[in-house]
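Remarks on the structure that follows.
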Amino acid sequence: MYELLRSVLLDPFAIMNSVGLVAFALVGAAKAIREEFDLFGITVVGLVTAFVGGATRDVLVGRIPLALSSMGEITLGMVGVSLAVALHLVLESPDDHPITVVSDAIGLAAFTTAGAIVAVETGVSSFGVVAIATINAVGGGAFADILLDRSPFILVTDFYASCAVLGGTTYWLLAVAFGAGSVAAALCAAVTVGTRLYAVRFG
Amino acid sequence: MYELLRSVLLDPFAIMNSVGLVAFALVGAAKAIREEFDLFGITVVGLVTAFVGGATRDVLVGRIPLALSSMGEITLGMVGVSLAVALHLVLESPDDHPITVVSDAIGLAAFTTAGAIVAVETGVSSFGVVAIATINAVGGGAFADILLDRSPFILVTDFYASCAVLGGTTYWLLAVAFGAGSVAAALCAAVTVGTRLYAVRFG
Amino acid sequence: MYELLRSVLLDPFAIMNSVGLVAFALVGAAKAIREEFDLFGITVVGLVTAFVGGATRDVLVGRIPLALSSMGEITLGMVGVSLAVALHLVLESPDDHPITVVSDAIGLAAFTTAGAIVAVETGVSSFGVVAIATINAVGGGAFADILLDRSPFILVTDFYASCAVLGGTTYWLLAVAFGAGSVAAALCAAVTVGTRLYAVRFG
């Protein structure tokens, strides 16, 4: 257990991926709670929001999705869903509560970074790095919107996907200039979450 | 021919996959007939409903989709489309006829089992087995709904995907306890089709 | 540079793929301009329309999408987006201008051919060749429609996907009879663009 925790803390991908899974499962489940789905529906929307971006990333780079092979992913996803249900018991409407809005920005930043790390490791083009980072970050929410028959295009028009593009570009530039690693990951996440929270506050 | 038939009958995946292809092509084509599509549209919706779940399963486990490499798949898909057209010539509205409703439950069960078999062979996690079984079962119908601009979410809320989750869980438990094989496959299919028909009758 | 150009001109896939990328990025961007998106939205819809069909083809045959690994793809996609913006500055409504309508037919034909070439090289079934050619040709436009929350099914009902099916079948027949190559590619593209323009003119 201690060893596991230690290896996660030294691995930027594992940190970012774990944070993103909890945050996006919470956000997706909160959205389903507002739609008054039953517990099965809440769980499905939460897990879809958490898993589809990373699964698409893995398929694009030719891997079996982590969410299907690692029990850690489903555990973290269920933590996020449980947090949303717990929030719902305490708060009136978890969907637009600041906790959910901040979770969404954190998830966006964490998954942008996780996607950029995998893309740079795989050795795709600069555009490929930005594209995979953005797909990892936006794919889950977009797919949940499609399932719910909403247009996911608000993710493009609402300065949401743009934050992932900025973060992914930051990671790629730093990886080229100084090498991939924890510093590039931290700055990528900071740019993404910073621009997103700025857009939410002043956009 | 005899050899082929014999090998299919001894292979639970081949049986389940064949049954699912015919059943879901029939269901998809019947849906397109109700929408008054032309024959090309009927064929496309039928084949999409039959193929997309299994193709997604294959992509997730890193294989080229069977539907693209095996002529058996397209043959069975066309059998299902032809059955729907034949039913339409005999019956008023094939879409909600008991034959179509039962076909849908049978297809759901058969594809849940086919997906669970492939997932256990591939060696994914327990969650991965249930997820792939459910995606195999629900993916084709959901994708057809997205093409037709309907919300596929009724598949989650209407005790439809839940039956595949129960069947996939059954298969995984039996595979762990007694080993994968025909018995696990038969029970997985029975649980899925039984819970689905119960839901249609009493839900 | 000269060597690069020469190798492209001798490679039917490279020609068809390049033409399709510029044409479909133009068509997608023109559609986004009509929706009054900002420049980021126009670029996303243009690139999605240009890239998603080929990326799906590559995932289905087990490759990392070219659009993620080759800088040529993004360059050609940006040329198409820029052409749409330039057209918009000159013309009132680039979306239904003859240039856009013809570009769409040319893109359809070029991507049908590119998909058929890859499918025959991969060694899928005859149905697989037609299916991959059609997915390559129609996938980008269909995905853009899903993002914009429109039904992509008009692509099936409006004698659009049918043209790709005819072209893909032509390529497969010629590849079996005389071998894959430039002649099969040219005739596949001619059948697709011819039937499509005929449908637009007289349909």
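When the chains are written out, they are named A, B and C in that same order, and each has its own residue count from 1.
Just so we're on the same page, a contact is a pair of C-beta atoms (placed from the backbone, for glycine too) under 8 Å apart; a residue touches a chain by one contact, two chains touch by 3 or more.
Remember, it's a predicted structure, so these values are computed and weren't measured experimentally.
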Point to revise | Copies chain B and chain C - rotation angle from C-alpha fit, nearest 5 degrees | key: 120
Exercise for review: Please decide if copies chain A and chain C contact each other with the same set of residue positions, more than half shared, or with different positions, and reply same or different.
Suggested key: different
Exercise for review: Can you check how far apart chain A and chain C are, centre to centre, with Cα atoms defining each centre and the answer in Å?
Suggested key: 31
Practice item. Scan chain C for residues touching two or more other chains and write them down. Key: 59, 62, 146, 149
Revision key, fill the gap. Seen from chain C, its contact residues with chain B in the complex are 59-62, 119, 122-128, 131-132, 142, 146, 149-153, 156-157, 161-162, 165
Check your understanding: Within the complex, which stretch of chain A touches chain B?
Key -> 37-38, 40-41, 44-45, 55, 59, 62-65, 67-71, 73-74, 146-149
